[in-house]
Amino acid sequence: MQYHSLAEFLNMGGYAFFVWLAYGVTFGCLAVLIITTLGQESRVLKHIANKMKREERLKQNRGSK
Amino acid sequence: MWKWLHPYADPQRAYQLSSKLLPWFSLLAISLIGIGTVWGLLFAPTDYQQGDSYRIIFIHVPAASMSMAAYMAMASAAFVGIVWQIKSADWMAAAIAPIGAVITFIALFTGAAWGKPMWGTWWVWDARLTSELVLLFLYLGVIALYASFEDKVLAARAAGILAIVGVINIPIIKYSVEWWSSLHQGSTIKITEKSAMPDSMLYPLLINILGFGLMIGALSLVRFKAEILARNSMRPWVRELAQAKGVK
Amino acid sequence: METSQQTILLSAKELTCIREERILFDQLSFDIHAGDIVQIEGPNGAGKTSLLRILAGLSRPYSGNVLYLNEDINHARDEFNADLLYLGHLPGVKSELTAEENLRFNLQISGYTQFETTPILAQVNLTGFEEALTGHLSAGQHRRTALARLWHTNCKIWIVDEPFTAIDKKGVEELEQLFLEHANNGGCVIMTTHQDMSIITDQRLRKIRLDYQFL
Amino acid sequence: MERGISFTQAFWTLLVRDIKIAIRHRGDIFNPLLFFILVVTLFPLGVGPEPQMLSRIAPGVIWVAALLASMLSLERLFKADYSDGTLEQMLLSPQPLPIMVLAKVIAHWLLTGVPLIIIAPLLGLLLNLESGSYGALISTLALGTPVLSLLGAIGVALTVGLRKGGVLLSLLILPLYIPVLIFATSAIDAAGMNLPYDGQLAIIAAMLVGSLTLAPFAIGASLRVSTN
């Protein structure tokens, strides 16, 4: 362990702003990327399910005429 | 020699294979990045020249090296897609593009945040920064082209061609930018690069490089799966999935 | 042209076409023999033009393939193109060029070397308009400039999308006559049209019906 | 019926046709040229009229303006043919597509690139270009603008079927133009300092040869995809 206290660790030898900015932006970007990516599949499936319902309605409409 | 690939040209098989691979990729990626980052931030020794600011290296270098590797992967997928007419490969290329762009952006941003304390400026027209910037533009071009086609099957093919054209140009661009920056060496700024890095710094770096690579792989697989589903929305197997998951 | 009436010129193998997440046709297969006059029919949006473009090799189907003399058109593209005459929705006529220049160019890129343009243009009633810029011609004359190619060709496969648009009654009859002759000489014609035909009878015509699909 | 023309004949047929159309449609030739001149004249107004400063930035300004002018004029390369259906006929012609697109690109370069090369020395004069640089300016433009046309045509071919192409096109092709820009401006700079610049010229020439051989195939493949 390079640091003796949490404050020392957070201070990063005086470069706190730059180091934490870099790490923060990196993991922030990755988090956004991961969240949108994970949501994609269920969005696609929901979209397909909705489309199937629409088609079902259309078919019934045609059938009843 | 490429025969083993052919069964996976079938979207359903490709989807199943990706689902099988995904947990391995994501578990390994999470643990490697976790270990590498904690090691790099807490346990690696302080650099005697740069102090603790050098710790940005543990995300900057993985992002920078993987940004190029992801482009290569995208172009190779596109190449397979064009030559063997495999649609799944085109979709893989389209899936990698946004991930590569984010990684490239991270490489640029961390580079700037490192440059400010070291060189006193956020941005220098250094060869590596410049070619990284051009790489970001190439990614954005592929993404924009993909987005502007309405028919996504076509979009993936067009974006694939652009990725291949880009990959032929990357070495030329890289070489010309390097030559250009050596020509205009007005400032005294130079990236201090020590080839002999102590193992205690090198190991967490390597672990993070591997971790970033696996993370890109895992994310690509997730996007690839979604892409397969979206492009095959009329296939019965996709409809079954949609009914099972979409109706809640 | 020594093709027997049994030669299969063009065949569609399990063609599937998807546009905007909608299946236009699924697993469509048929053969087109020498001597066939085929009409693709169906309501608007059923995929008639898409099918013609796939048969011509302009669009790639989602799956399936098109065979020309039992060979995939993507592998035998040069031979296929040399035997194919395609007239699409868009006439392929440049309004900055005269009727004569347009015809000359169209024939040249199809590879013809020796031809007289005046008699060909006379066939489509454009005598006297040879030197006029096609941009100044009427819609029907514009269309005729494109159709003129049909009178100077040795391609066996004709794919024509709405050939009778903007053509007067007499012109339609002449075209029908030409299609009939072409088919009787061992060629084939694949077309779409919404107009009724007078010379080509329903017995002579083969119809392929595309329906609006829901699934 | 006599059939079968040689590749050279196919090439010439297309080249002559495109030039004939452009001559009947003169705006296509003059507008990019005017744009080129206007962009260059904006720079002294923007950065100030000091001769030293102008001669320092002249190579870059002229080249960047040439690059933008070439890109703008390229946008129409396949558009007209696409919208009237002649492009379809070209795609279905038995002649090899790469040869035909090469003819179109060269016709386009003759009509828009060559006038740029001719007018460039005049603009050099306006920007107080070093007297030794004129030869380098003309030779880099002569070797470099065809490369721009060939690379740009790939982007144009990819976007021809899209309704909105303009901004997208610049995003696709400007990054590919960077090497040409770097070597061309450095050749002109070197010439201004009386240094040899044949190395840079050789590299641009190599890029020209490379794009002449590879680009037509990429353009052909792109056209087949985007007109689908």
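Going by the order they are written in, the chains are A, B, C and D; count residues from 1 in each one.
Everything below uses one rule, namely that a residue touches a chain if its C-beta (ideal position, glycine included) is under 8 Å from a C-beta of that chain, and two chains touch if they have at least 3 such contacts.
Just so it is clear, the structure is predicted and the values come from calculations on it, not from any experiment.
Identification of common neighbours of chain B and chain D yields C. Using CA-based centroids throughout, the chain positioned farthest away from chain A is C.
Comparing chain pairs B-C and A-B, the larger number of C-beta contacts belongs to A-B.
Centroids built from CA atoms put chain C at 51 Å from chain A.
Between chain B and chain C the centroid-to-centroid distance comes to 47 Å (mean Cα coordinates, whole Å).
In this assembly, the C-alpha centroid of chain A lies 17 Å from the C-alpha centroid of chain B. We define each chain's centre as the mean of its Cα atoms; on that basis chain C and chain D are separated by 36 Å.
In chain A, the positions touching at least two other chains are 51.
Residue positions of chain B touching 2 or more other chains, listed in rising order: 151, 233. For chain C, the set of residues that touch two or more other chains comprises 21, 215. Per the touch definition, chain D reaches chain C in the complex via residues 1-5, 9-10, 13-14, 17, 20-21, 24-25, 80, 83-86, 88-96, 100, 227-228. Note for the complex: chain B touches chain A at residues 37, 41-46, 51-53, 55-56, 59-60, 63, 98-99, 102, 105-106, 109-110, 113-114, 116-117, 215, 219, 222-223, 225-226, 229-230, 233, 238-239, 241-243, 245-247.
Note for the complex: chain B touches chain C at residues 150-151, 153, 233-234.
If you check the complex, the residues on chain A that touch chain B are 1-3, 9, 12-15, 18-19, 21-23, 25-26, 29-30, 33-34, 37-38, 40-52.
If you check the complex, the residues on chain C that touch chain D are 56-60, 78, 81-82, 84, 86, 88-97, 101, 105-106, 108-115, 146, 152-154.
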